[in-house]
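What follows is a group of structures, each given as structure tokens.
Across the two complexes that follow, subunit A remains constant while its partner is subunit B and subsequently subunit C.
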Partner chain A sequence: MLVHSRKAKWAVWVLFLVLFVPLFALPLLVVLGASLATHWSGVLPSGPTIDHYRAATRGEALQALTTSLLTALAASLLALAVGTWAALAAAALKKSHRRVMDALFVLPVAVPSVVVGLSVLVAFSQPPLLLNGTRWIVILAHTVLVTAFAHQSVSAAIVRLDPAYEQAAASLGAGPARVLWRVRLPLLLPSLTAAAGLCFALSMGELSATMMLYPPDWTPLPVLIHAATDRGALFAGSAVAVVLMAATLLVLFAVSRVRTRASYR
Partner chain B sequence: MSIRFDSVTVAYDGNVVLDSLDLTVAPGEVMALLGPSGSGKTTALRAVAGFVRPASGRVLLGERDVTDLPPHRRGIGMVVQQYALFPHMRVEDNVAFGLKARRATRAEIRQRVADALEMTGMAAYARRYPRELSGGQQQRVAIARALAVRPAVLLLDEPLSALDARLRSGMLGELARLHRELPEVSILYVTHDQIEALTLADRIAVMDKARLRACGTPRELYRAPADEFTASFVGNANLLPVTVTAGGAALGSAELQVDTAGAVAGARATLCVRPHLVGLGDGPNRLTGTVSEIQWRGSTHRLYVDVAGHPVMADLRELRNPPAHGDEVSLHFAPEDAVLLAAGVGGDER
Partner chain C sequence: MSAESPLRTAPDPARVPAPAGRGPASGREAVLAAATDGGGAGAGTPAEAVRGRAARAGARRLLWALPPVALLAVFFLYPLVLVGRQSLQPDTGGTSLRPYADVFASAGFREALWTTVWLAPAATAGCLVLGFLLALVIAFVPFPGAKAVARFVDVFLSFPSFLVTLALLFVYGQVGMANGLWTDLTGAAEGPFRFLTTPWGVLLAEITYFTPFVMRPLLAAFAQLDTAQLEAASSLGARAPRIVRRIILPEALPALAAGGSLVLVLCLNEFGIVLFTGAKGVTTLPMLIYSKAILESDYPGACVVAVVNVLLSVGLYGLYRVVSRRAGA
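Moving on, here comes the complex of A and B:
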């Protein structure tokens, strides 16, 4: 929106802050405040301390952070590979078939994640594929949950990709494999990194399906936060939450740096 | 290498976009496919490239039937309207792309990339990215990329239409020079611009509504067009409805001397006269009428004269005292400058 007069600009800024601060910024600030406090009985938290952070960056919490990062990394890479592959394959299908495929990939998002978690649990608690009790069941569930987003954003990018590039490559003698690796995937790179970042962030925050599946030696950070708040340790839980938030944002920032370098126009 | 269309028909969803095209481009020949949009000319080119599959008919490159070959096995070079340079590759990598796909050796790639960039005058820009180049420069890179693989057949799909008018006429000269340097390459050149076709082509194939209307040298098509569509699409034309008489043709009450070429007296026909061959004042084949419009175009004046209800255009060298709107004037043309077209043949169904 274009706003020209100085007064109107101020009004728009004020409106933005009035809407944005309470809805988005304040809850995060509250967590940040709580993580640094020992009491919160008045308007503001009191008894400043960094003890919670000491606890949140070592021992059990540190291990949970590593677990979360590894799970998110594995799930987002798997989801990106599967989602991209499916999107590329779907692009070659007839329109009616493509719709069926799109619908199939949206299913894990449309269904509540508790249901997805339960179905993964039931499906892989029996031989031949006995994954229950291992870390793989958590990674698998996260992959199932985030693949939809990878598939969707890569599909959208493929539709926007000008077929002239592939055709130029083919006319120069490049076979389908070379066209894919040298032309289509490099041109899709900005969307691929965006999709990877989205999948990573979603996996980092996943709780409801994870709750049902995680084995004792593979506890992701959200589970730890839930456990802490459940037993009433709100301030310690807040510190862990801030660590989770910071770690996620750091990775997203790194991914976005890759993305800026990969965009061409 | 020759390009041959053998009754090639292309249809999308039952909609025929190219109707049994028969056409042969000789080795080393420049063939322009000229026509308005939707005439099927681009479809014909894409059938040679392999991006559309004919519903029936065959496409041959030399002696080889390529109808069922995928595009990357056809060994052609192609330049499209928007160039489609790979934005993530430097100019030199764009040009090397086809050579790498053909598994040329490293030394050969370096040599051929240098040659192709030299030939198109882009050697100084090898390390640039496409987005850092102007439209004309991108065009040259696209041509260099297509030529680097030394194709025997070059397909050009409206290669100049994204350029502005001045650049376009410069690039026309460049393309003509490239063809002189590579006389063995057959070129299929798709365009809607008659000037490009007249300037570059050895022969022009005029297309309209999915069909080939006429094919011949630019001179043949210009001097003696086969039908009204060709006459009006290759150059400007006055097309006058006349009745054939014993000694020529009659336009209303005016009796005109023209070569009837065996047309039966009394038959209806169309008289085609190029506007620049119409003169002002008295002479043979006199037409009188009132000036309905006069346009000054710098070196010429164009007169629109209403002759018995039919508009007649005359392009005249700049006049010292041009007639005014509404003036009564006489026009004339030499009998040998007019062509009688049989009415109805490719007639005026538009």
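Moving on, here comes the complex of A and C:
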């Protein structure tokens, strides 16, 4: 709709491919290729095998996958609840109060995740709340990290809401709770699911804070991948990475089924 | 903006300000206020009762905002305060600025600071340009499979960042794809690509990894853009560059500002890519925090670097938000 002539369209698409493929598609393909290989010394990988996948779908790796899924699920649900609540509450406040609240909830994005990990480690290794060495400290850190993203995307969507709908509902006699439940939340649903997907994905791939915190019995996938590649098992690590990507993709797909109207063009 | 302002300022119901982000209660009150005021029946309403009701509504709204703020305070702000406190408590006991003096005096810290400070803006600039171009094509010059590409961009976010470095190892590493191609073509013993363990390798990985963070809000903004505007401009004879400059770019500015500030801070704070590069020459502040805390168990030192890193990223992020708000984004 922006470029009309056939020639110009093709020129734009070729430019897109030239930028997109080497930068974004190639890394994924390379990891996929490496996960199926034992050597890589030429242009293409060599020594095809599926042994890495056998190892990546059982034992330690399978447990890490469950760990990652549970952590991401808990963290993104908690973050979505707190972030949406905060965004809705902030939207009703006076402008000065709203600014303060937005700034507060944006802070976890600005603070390095390594520092979030460090601070949670420092704070919850001592009474009154001793969480160090448990799975809860990992889930807590993930929740703190992704809440900011949930809050940001939900409040951005609230700003774009057309107030005419809720005003119409209110003028017809709907109470605030009813307006929220029947008008605002349904209108926000596409953004809520998008936020949930983002939170889940970020939590699945979180490494920095997790590296500071994880107990031995709660090892998420990224930590496992790092451990594998760190000891030189690049190809086995790639297979675990592919499993991580596939799991995330499946969940994102399921989430996008919930999405009703808004779609990318 | 308080709920009582429409009462005072709204002479015309059609022009009742409807600021975005109104709470359900305030929206309802605005409508009621406009209805009574515009109908000319508002003259008899006792102003004090209205003001009292508005004050009570304001207090109730503040109360609703309390639970999430309390959670944030306990699980995020309080731990940060403890990090600040620990940075003033050297292992030898007592409270002093010694950890700061020690860290600031070390060459490793200064080098990490400089690397962090130049890498982040460079990567952000790259991400903004690249992300805008790619999102533009996906949204407005759609091709078969453009939706799949947009979905692919989402998946990229779930990629642990250090995996980009892993992939680049296979592409540009000592024995990777590019060097393999070069040796096959020229017969040379070694390929020319060995930038992966330098800051340039980190820069390439950061641009690759963070561009989707710019594309995502852009695509969302583009999806809400009314295409009738584009059709109208185009039918009136505007060419593509003009449409991009005059219609799409203004619409995209908030998304660009949001994406750009996010990427700037995420680059300042990036850990996985640098950890995985494993190059001794490239140490950034987050990397330094990790190695001090976990590898050396030097908690006061780690906390000092953490304080510096937090001040840097939060300061830059705040500045960026103020500037982009001034710019009208």
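Methods note: the second predicted complex is superposed on the first by the 257 of 265 C-alpha atoms of A that agree within 3 Å, B and C clash if a C-alpha of one lies under 4 Å from a C-alpha of the other, contacts with A are read in each partner's own complex, and residues count from 1 in each chain.
We adopt the following convention: a residue touches a chain if its C-beta (ideal position, glycine included) is under 8 Å from a C-beta of that chain, and two chains touch if they have at least 3 such contacts.
Here the structure is a predicted model, which means the values were calculated and not measured.
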Taking the superposition on A as described, I'd like to know which of subunit B and subunit C A:Ala164 touches: first, second, both or neither. both
First (subunit B), second (subunit C), both or neither touched by A:Arg182: first
Please determine whether it is subunit B or subunit C that touches the greater number of subunit A residues. C
Examine A:Ser35 and indicate which partner it touches, taking first as subunit B and second as subunit C; both and neither are also allowed. neither
Pick out the shared contact residues on subunit A: the ones touching subunit B in one complex and subunit C in the other. 164, 167, 170-171, 176, 179, 264-265
Please output the residues of subunit A touching subunit C within their complex, sorted ascending. 1-4, 8-9, 12-13, 15-16, 19-20, 23-28, 30-31, 33-34, 40-45, 82-83, 85-86, 88-95, 97-98, 101, 103-116, 118-124, 140, 143-144, 147, 152, 155-156, 158-161, 163-164, 166-167, 170-171, 176-177, 179-180, 184, 194, 197-198, 200-202, 204-208, 211-212, 222, 225-226, 229, 234, 237-238, 241, 244-245, 248-249, 252, 256, 262-265
Could you pull out which subunit A residues touch subunit B in their complex? 162, 164-165, 167-176, 178-179, 182-183, 186-187, 189, 264-265
Subunit C to subunit A touching residues, read off their complex: 1-2, 18-28, 30-32, 35, 58, 61-62, 64-65, 67-69, 71-72, 75-80, 82-83, 86, 130, 133-134, 136-143, 146-147, 149-164, 166-171, 175-177, 180-181, 184, 207-208, 211-212, 216-217, 219-220, 222-224, 227, 230-231, 234, 240, 243-244, 258, 262, 265-266, 268-269, 271-272, 275-276, 285-286, 289-290, 293-294, 299, 302-303, 306, 309-310, 313-314, 317-318
Please name which positions on subunit B make contact with subunit A in the complex. 49-51, 70-78, 80, 82, 84-88, 97-98, 101-102, 129, 131, 145-146, 149, 155
